[in-house]
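Consider the two complexes below, in which chain A is the common component and chain B and chain C are the respective partners.
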Partner chain A sequence: MSDAATIDTAVVAVRSAQRIRRDHRALTAYGLVAPAFTLMLLMLLGPLASVIALSFTDYQLGAPAFSWIGLANYQEMFADRVFWISLRNTLTYVVIVVPGAVTLGLGIALLIESGASLRSLYRTIYFLPVMATLIAMAVVWEFMLHPQFGLVNGLLRGAGLPAFSWLQDRSTALCALCAIGIWQAVGFNMVLFLAGLVSIPKQLYEAAEIDGAASAWARFRLVTWPMLGPVTTFVIVISGIRSFQVFDTVHILTKGGPSKSSEVLIHTMYTEGFEFFRSGYGAALTVVFLVFVLLLTLIKARLADRGVQHA
Partner chain B sequence: MKTLRAIPLWPVIRHLLLIAGAVVLLAPFIWMISTASKPPEEVFSSELHLIPHHFALWDNLKIAFAKANLWRFLLNGVIVTVSIFVLQVLIALPAAYALAKLRFLGRDTLFALVLFGILIPPQATAIPVFLLLHKLGLLDSYAALVLPFTISVFGIFLMRQFFKSVPDDLVDAARMDGISEFGIVWRVMLPAAIPAVTAFGIFSVVAHWNDYFWPLIVLNSEQLRTPPLAVAHFRNNEAGTNYGPLMAAAMVIIAPLLIAFLLAQRRFIEGITLTGIK
Partner chain C sequence: MARIELSAVRKSFDGTEILKGVDLRIEDGEFISLVGPSGCGKSTLLRVIAGLEPQSAGEVRIDGVAADAIRPSARNLAMVFQSYALYPHLSAFDNIAVPLRMRRLSAVERLPFVGALLPSRRRKERGIREDVAKVAEQLEIAHLLGRKPAQLSGGQRQRIAVGRAIVRQPVAFLFDEPLSNLDAKLRVHMRAELAQLHRRLNATFVYVTHDQAEAMTMSSRIAVMIGGELVQVGTPTDIYDNPRDIRVAEFVGSRKINILPGRIREDGRIEALGVALRFASAASAGPCRIGVRPERIELGSGPFSGHVVHAENMGSEAFLHLAVNGSDVRVVARIDDPRRLPSIATQVSFGFAMDAVRAFNADGKRIEVEFEHTERVRERAIV
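This part shows the complex of A and B:
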């Protein structure tokens, strides 16, 4: 036997040993991902497919059988006044809370960044509402908005202004919920903006100064605002998605009332799906909600990709 | 923002504006503590005063704990959030390691599914998951509260990104030492990933401690109530009759997270803003 042949067999042996090890490793890999993958199918992807399928059935929880009814749920939904009120209220909520929470978040972040002292104290204070259990704070807000003994009306009366029955009045209920939504989201947006502000290179401000940007406003317009662009869009989309999901405050404070004036999509879905157990119809409402949220999420995914390229 | 500093008295103006904003933002917390410290006759008075004439915080807390089994509900909160987090880690870490460091057929498809899963809002799957738990006879149990959240695609994504940055040499060295792939996940990757796991843990615990939607849907029994459900029921039973104990109960429910937050602010802000990426 020649040396070359020995080397060859040795190489083959090593290679096949490597291959066996690699195959073995691939097998282990399947073992490692199996629990996650199974649960993902069971709790996430399966249910997602089911909710779409359910929306084409008349299934009700506890019913012995169901039938495929095509688009009947959607037809019923589009003909239902409550659905349109609910959709309009949800969009109104988003259109009020997003600009409110984004502008205030940016304003507070800029104020905090404009000086050196007490930065982290302010950041902590403004972040507190994000941490506090929303349901508990909603109950506190309810008492603050109490028509007779609440703080808000007390202050208004003190200032000689008219008082309101905030949550019991159809013209103010949704506005009151928006105010709570903004109160809760501001700190979250502020933190994202602070991170964005810190990452703006200081030289840009110096360069702008040399180029004659003398006022604070000119510098904001020439450097801060364009540099914050991606962060701002990102914050707007996230705030939009979160606002679309509004439920807790509505459910505990108004139940969508008075007379549907604060009814929102997820609350309608909850009522149909989990109080009347009309699973099929609730699923159709979910699909509408899903379309809106996925649209916003896709915009965000696009931006996140671009963000990665920038970095 | 240097030029703002050139404005005379800017530091003073900055503090005045920020303090004014802080007062508005903290008003609910201050009013909650103030009301929780007042006896009923002071709560139901049209005259506004912040400091109670008669300090009744202990009385109100005593009434709150007597009317609702708050200790039990807090314990439920701990049991549920801790179980969810532990299971999430046990399930996500091996998958994240395989996706980051091993080569196998279907890996890219699986990762694409993970990315897709992140896009799905939790409310979207509520009806089918509820029906599934109903079929399995698991409604109104700890399992109903925990099981749907044991899979965190976001956790898998986060840990996979982190594991990518762990050097391959470290993994190879462990293999040389004869550590199995499964052992590598827990003995090499987990210790390297503690900061990421901590941030994810805070994110997970805060989200599920504060969650109201899911427990509301699957629970019936009083003894299983999580903290947010407990406040909601307390409010439904008590509202209009006595706000002092209600505010005291709200304080008790938000206290654990707020205290933890004040003790480790930076970590908490890091953890919570992860939702931004989500």
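This part shows the complex of A and C:
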């Protein structure tokens, strides 16, 4: 009996020691997580929450007071023609720029990778637009697209084709911006694709060749495309998010004009928030923008789960 | 099934000559091993046969047809790579089905979505499924077909790679060190399986390896390659017993052959370690080397003596390392019964039978020795 009692006491002692150790370890864990968590709260979650909160107010930049107005900002936004034009233009921009920049980026990466000489030269040339300041480049584009003296119209005239007032015409302004958007994104996508291509084992191509994949297209379908799957997903999502954020070129070249034909979401947000000082309304626009970005991120997370498993 | 002929095949990379004129005739249904140390050019030779690497000069003929202008995909050879080179995004089933799909389906039928709707594709897919199932049954991998390569062990991937090779019944199989990524035990097991596979398929196998044991145990013929040249081609027994070059003698055999410094005297008699042997050679006088396999060293009597410096007991046999008295030469001798192992530092005398001797001249080329009187050898040499 006394033996059993001793064992019981021992068990209790061990259990309580274990509990103390467990509590202690949990405390250490919280302590270690705290700095990162605080920073995240301050830099990411806090601002996000304030933007959402702000979108339910009539706050104006610099105003001493504000009042809660519920969903009034959203009601106004959904009733506003400019918002819908702006949203449609942004989506059009994304739908044109993402496939364009991804396909061209992949194509150029494949060409560079298959060539033997001058690889680094081509890489640098195509990567230049990514490194250059977009504002400065936008000014260069403005000259290039100038109706009278621009290089583009000069070339068109030289080839006997009609010239356009690219940025001043309602039907071409958004297209011109899309072209610049593609030009700017191709280099970045190309570098990502190049990195992806380099990591494909050469023996897979040899195996494909021996297995009967005689044409370059067959080898691309059998090896390159599936092996690039994760990179492609990433490139599409990043291009999508960056296209949603288009602002610099619009602001410099068209200011959303002519007659709102190139108005995009972030530019509307900027005009409302910083030109008309309607911070509450601007915040509501930001929330809409964030919803789209969040959607893209969710799609990416979903696709990443079924990414290629490398042997 | 195919006969493969190589004539004067050369290959250089950036001015470095990897293959220095290789002539080889591989018979139909033969299991030939290309064996040699790392960097000897054996893998390059295999890749030239496959068409993955164009030769700089010379000719490759498959079944009498010059293959130089034929793409690898059209040569109808199968290859098993060292890394297996399985497509990581495809299941084991799809990996094995790839060569069949590439050959049987048209470009339109292979298209995603659209191709799957064609009735002809469905009919062909049924045939492909049956063929893959047959191969899977042969290799006992039917239960693995649904898995991706990442979910398979090394040995299982190996089998899938072999399955992919045999499924379309090519004219010949090329193996590029297929067992070197497996652990020792599995390697021995796979050796037996590959040899069985060869017997069952009765196809031409060209097998590249740096492991002489693999070559010895599986092949009908061995081609020893050193420094971009074929040094000797022959049956495993021939290569082991009758090396034409000292490099072949040293490379083949799981225990390295003992090499004793020697000399051919003016009268034609051969000396080893300063002891005159009762053998003579017609070769010109000068230094030579005497090779004797560990199992041919006879302990207990003989003109040489040394002391035991190390003993390796393998259980079924043992190896005795002897430091020869009066020189820095080490000799390894095999003992059949490990229970009779002498202890370290024991003095042992040893010798060897005449037919155990393989003599090589200063250039490493084999020279014939004869158990005869010097004078007669000299006479014959003059005639």
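The working rule: the second predicted complex is superposed on the first by the 254 of 311 C-alpha atoms of A that agree within 3 Å, B and C clash if a C-alpha of one lies under 4 Å from a C-alpha of the other, contacts with A are read in each partner's own complex, and residues count from 1 in each chain.
Heads up, the rule we're going with is that contacts are C-beta pairs under 8 Å (C-beta built on N, C-alpha and C of every residue); 3 or more make two chains touch, one makes a residue touch a chain.
This structure is a prediction, so every number in the text was calculated from the model and none was measured.
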{"item": "Fit-or-clash call for chain B and chain C when the two complexes are aligned on chain A", "value": "fit"}
{"item": "Chain B versus chain C as contact partner of A:229, first or second or both or neither", "value": "second"}
{"item": "Touching partner for A:201 - first (chain B), second (chain C), both, neither", "value": "second"}
{"item": "Contacts of A:294 with chain B and chain C, given as first, second, both or neither", "value": "first"}
{"item": "Contacts of A:25 with chain B and chain C, given as first, second, both or neither", "value": "first"}
{"item": "First, second, both or neither for A:214, with chain B first and chain C second", "value": "both"}
{"item": "Which of chain B and chain C A:114 touches, first, second, both or neither", "value": "first"}
{"item": "Superposition-derived comparison: chain B or chain C, residues of chain A touched", "value": "B"}
{"item": "Where chain B and chain C come nearest after superposition, their Cα distance in Å", "value": "9"}
{"item": "Intersection of the chain A residues that touch chain B with those that touch chain C", "value": "209, 214-215"}
{"item": "List of chain B residues in touch with chain A within their complex", "value": "1-5, 7, 10-11, 14-15, 17-18, 21-22, 25-29, 31-32, 35, 43-46, 48, 91-92, 94-95, 97-99, 102-105, 107, 110, 113-114, 116-117, 119-121, 123-132, 134, 147-148, 150-151, 153, 156, 180-182, 185, 206, 209-210, 212-213, 216-217, 227-229, 231-232, 235, 239, 243, 246-247, 250, 253-254, 257-258, 261-262, 265, 268-269, 272-273, 275-277"}
{"item": "Footprint of chain A on chain C - complex, ascending", "value": "50, 52, 71-74, 77-79, 81, 83-90, 98-99, 102-103, 107, 110, 148-151, 157, 164, 168"}
{"item": "Contact footprint of chain C on chain A as seen in their complex", "value": "201, 203-204, 206-215, 218, 221-223, 226-227, 229, 308-311"}
{"item": "Chain A to chain B touching residues, read off their complex", "value": "22, 25-26, 28-33, 35-37, 39-40, 42-48, 50-51, 54, 61, 108, 110-115, 117-118, 120, 122-137, 139-144, 148-149, 151, 154-155, 158, 183, 186-188, 191-192, 195, 205, 209, 214-216, 219-220, 224, 234, 238, 241, 245, 247-248, 251-252, 266, 269-270, 273-274, 279, 282-283, 286, 289-290, 293-294, 297-298, 301, 304"}
